[in-house]
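First chain A sits with chain B, and in the next complex the same chain sits with chain C.
Up next is the complex of A and B:
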């Protein structure tokens, strides 16, 4: 588990999501990366049930249950600003039993799928973010395996991102900012994905070229 | 009573003073009696003033019970017998008078009875009948008789006990012949697990409690043997207990592992003959149910081994797929080599006994691998019970301890793969078979070379301590008679699973494949190099000087195996030189260089004017090596060298 940076790639002008992904993957292959299968990260949202809310009528908290194919036997559960739980895959079964307390928000399942490339110590995953049948955006995840402390290798990661993302290189993720010298863990990756998915959900639907 | 004379009675006051203490010389110190006021105070304390006359009867009594009773009695009397006058002033001697009166009455009655009894008309005194006292005897006789009696009593007890013991010993001996069902059941329980279900007694002969996960139930039933005719004589091997094993575990089974050179036709697959191996000899004292159950357990274990192997053969993807046909698994560890693992299960039917007449060939069946399979499956059983797996939380699946943590600690694929052991039973046994085959082929190669070639000699020293996947052998190439001088070729061969690694004495490491030709070629080339090395060592000993030496000469005909080596040595005086070229295929070629003045056919020229030039070495002449005397190359070389060094005497 190395330091990972998750960012969103805006769709190129006049092109569809698929074509932009195609562009990126071609750039990576020219760079010399080798394709090593596919990856998938998905996320489901749950509301805390109304019956458990206090008399003050505060808004129910949102809980996200996520899976990552990089950690096939784990399941991640996180609150917005709260803790992130890493559990066994039996957690999904547990959520079914907790139907009374957590209700699934319908049509909120969001996932990203795509190819996985290995370039020496870097693992690059370019995924299409889909919500239901429609593609909503592009996610790019880059992991630098050897390093586990974020502050030490952020500059190297940035340089690598610049090499194939060009001008769309993101800034340092907020997760890094919190604890500079703490060891990076899989939970931080999932937090980044959760923020990305939330951002994409709030965005308008990607305008299909030609309608306007 | 009125006519009786009055009896004089003397009265003495009994109020002696209480003794407070008795001094050491016997004098007594008395407590002073209470004075009038003290006595009054004591009596007044006993009065419970809270007790009114009849109004507060239920009040709890004070600490002084007497006062309560007195007051209570007083209250009761007042309540109940209001007419009876309470006489508070009873004179103090009243109790004395009463006691005396009752004593007088008693005495009068006694006097009357005695006077009547004295007459013996209406009442008599009759003594209580007693045993007649024995005549008074001397004390010794009495002691003798009493001792005799007690001894007789003790002897009686001992005899009774002895009788009981002899009876039980006799019973035991009888029991050996006529065994009781319960005692036999007890013996059975000492070896096998039994449980009672309803009115049946069932037992467990599976390996489940030892860690096996095979789904066979493995239950046998214990039944009473009642088909015995009590009138006839009980047979020697009669057993009141019989076990009924499941029908699919009857007979005996074993796993046959064999390696064959050529692959048979596809049509021949699955027709492995079920050789009836003779039943293993049971221990002489063990009852017949023990052998039966042990054989059934062995059948179950063989079935489990074969089931595991066939499951892996189907699931695991390998370059050359394994074939599973009926009771045989066939795989190809090396090209042109076939490994077959078959489950041979022969039931005890009379029919099959007749058909199985073939005897298994000894080379065919690799007993080592069969034993290895049994060990491997037992190790697999132990793993399910090891501390890595047990104890486990109730909600976790059965498996390695670290796998349970892989979820909560977010292990990625590399870490998960490192925990799971990837090798299954089949892979392990194939590796072992490959190693055994490679080892035997290496040994055969070395042995064939050693028997074929006499000069130089090959010696192979196999190591005693081997691994299942690795063995080692030290190969020495020497010349007979010159072992101390020529020992430069020493090879350490490590035979692995698929290749042989050779470590040379000079530090080179060479990896040879499983082809036997490679090893043979290598050894031949080493042998030819040895000859040249031997000449070098011999030259040192003989005092000859090495002029040139090369392990791999680039001149002359090309060898197909390895390279030729060559050496040139000069005699101590410098007159002669010997040049040797030895190749694995071309053999050895020896040339001797003579000084110029010994060659007669040299063309005279005018260039050389001085006669000293004729002492230089000149042309070469080949030696007919096959006609040389000497039993091996080095001996011949030594003879040649000594022939060319002139005697100084």
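Up next is the complex of A and C:
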């Protein structure tokens, strides 16, 4: 896999989430990108169970269990600012057994799904972020496959992002700055999605309009 | 008739010679007939043998006679004239039915065409020799007979020498690591890793580079049985393009007498790809063109250009 940048695209004024997604995908198709299937990233939040908390009254840490259709055999478990564990999908079963320690937060499931586009060596995924029944925003993921060091190709990625996001081009994701020339990995993408989901959760719910 | 005589052919002698050939043929076949029939019935065995030998002798004599006659006539026939530029084929022009068998004019055309072809081929060969694309020490245009049988000396360098040259280059560039292996006998294969940008498989023949394939840093360069995969290309368009350019570079850097300099120049050029994703095009100033970064590196200045932006 290559270096990936995940960002949020604001919903266009006077448009629904669905219409904005269509606007974006049409722009990509005009650029010459080819549609290649769909993708899905989901995330579930777990609390540390009250019984395991120490007497010091420390707050329970949140753990996020995520899946990515790009890695169908893997399951990712992340703590905010913490380590990221990459496990087999059996991990989900394990989480059920660990009910005494980690409890799933109610209605916390958030996911993004949408079309996947290939343009030269770039892979673009435009997703509709949904929580329960409502569309909450738009995610844009751009992966540049040939490069493995984020700082090497950020300028190049930026130029590509600008070509179809225009004024909504994001800044460099925080994970890019972490380690100078470390090889970019799938966990780095999941961290970006986790941060994006957290940001969207905090945002005001946009009026539900035209989500199919 | 006057025309014919002017060509210098004695027609009379010709027709006589043809009859002489016919006579010779029949006398020769008589010899074989006689041999085939063998001895005929005579009263005594002695009589039979005598008659057979006499008969055989007669036949051989007549063959001899006819042969002498033919030889005499063949001198009379004389050689065809040397005056006509097309020699005997010039006689085709005498054919009265030009319309039906335009052999002569076709022949002249073909002759002119082949003359021209030879002339142009000569010119082309001269020009090509000046800008030889051949990377071995052999000179083009040397005829096959004169070409030395032995391989040029640069192809039979000892492996130890090749190892030394490669390890010296390896030490020259800290961001480049070269791993040398010899999976198929004496020819070396290099796996060059350039920073965290790309990997290059280099197939060598002595100190000549035969083939290079450029792949991504995160791409697999081995086949299932653990050997270097020298056939499959990169999955990424950018590295397919760089592979093409590297192949061009192999033809550009050539100095048949100093193959180690060639390898070093090639590696120096290759090293400039360390900034493959970081260097904008020196012409248009952009990073991307049709989704590709500047994949071309100038052979002298090592500056980055898009494939279509280079001059």
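Just so it is clear, the second predicted complex is superposed on the first by the 206 of 212 C-alpha atoms of A that agree within 3 Å, B and C clash if a C-alpha of one lies under 4 Å from a C-alpha of the other, contacts with A are read in each partner's own complex, and residues count from 1 in each chain.
Heads up, the rule we're going with is that a residue touches a chain if its C-beta (ideal position, glycine included) is under 8 Å from a C-beta of that chain, and two chains touch if they have at least 3 such contacts.
All figures in this text were calculated on a predicted structure; none of them were measured in a lab.
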Combined model on chain A: chain C and chain B, fit or clash: clash
Contacts of A:62 with chain B and chain C, given as first, second, both or neither: neither
Touched partner set for A:12, first chain B, second chain C, both or neither: neither
Which of chain B and chain C A:172 touches, first, second, both or neither: neither
Touched partner set for A:23, first chain B, second chain C, both or neither: neither
Greater residue coverage of chain A in the superposed arrangement, chain B or chain C: C
Contacts of A:152 with chain B and chain C, given as first, second, both or neither: second
First, second, both or neither for A:1, with chain B first and chain C second: both
Contacts of A:75 with chain B and chain C, given as first, second, both or neither: first
Which superposed partner A:121 touches (first chain B, second chain C, both, neither): second
Chain B region in steric overlap with chain C, selected from 19-27, 145-153 or 613-621: 613-621
Chain A positions touched by chain B in one structure and by chain C in the second: 1
Complex contacts: residues of chain A adjacent to chain C: 1-2, 32, 119-122, 144-149, 152-153, 155-156, 159-160, 163, 181, 183
Residues of chain B defined as touching chain A within the complex: 395, 403-404, 406-413, 416
Parts of chain C lying in touch with chain A, wherever the complex brings them together: 196-197, 216-218, 235-239, 277-278, 280, 286-288, 290-293
Residues of chain A touching chain B in the complex: 1, 70-76, 86-90, 185-187
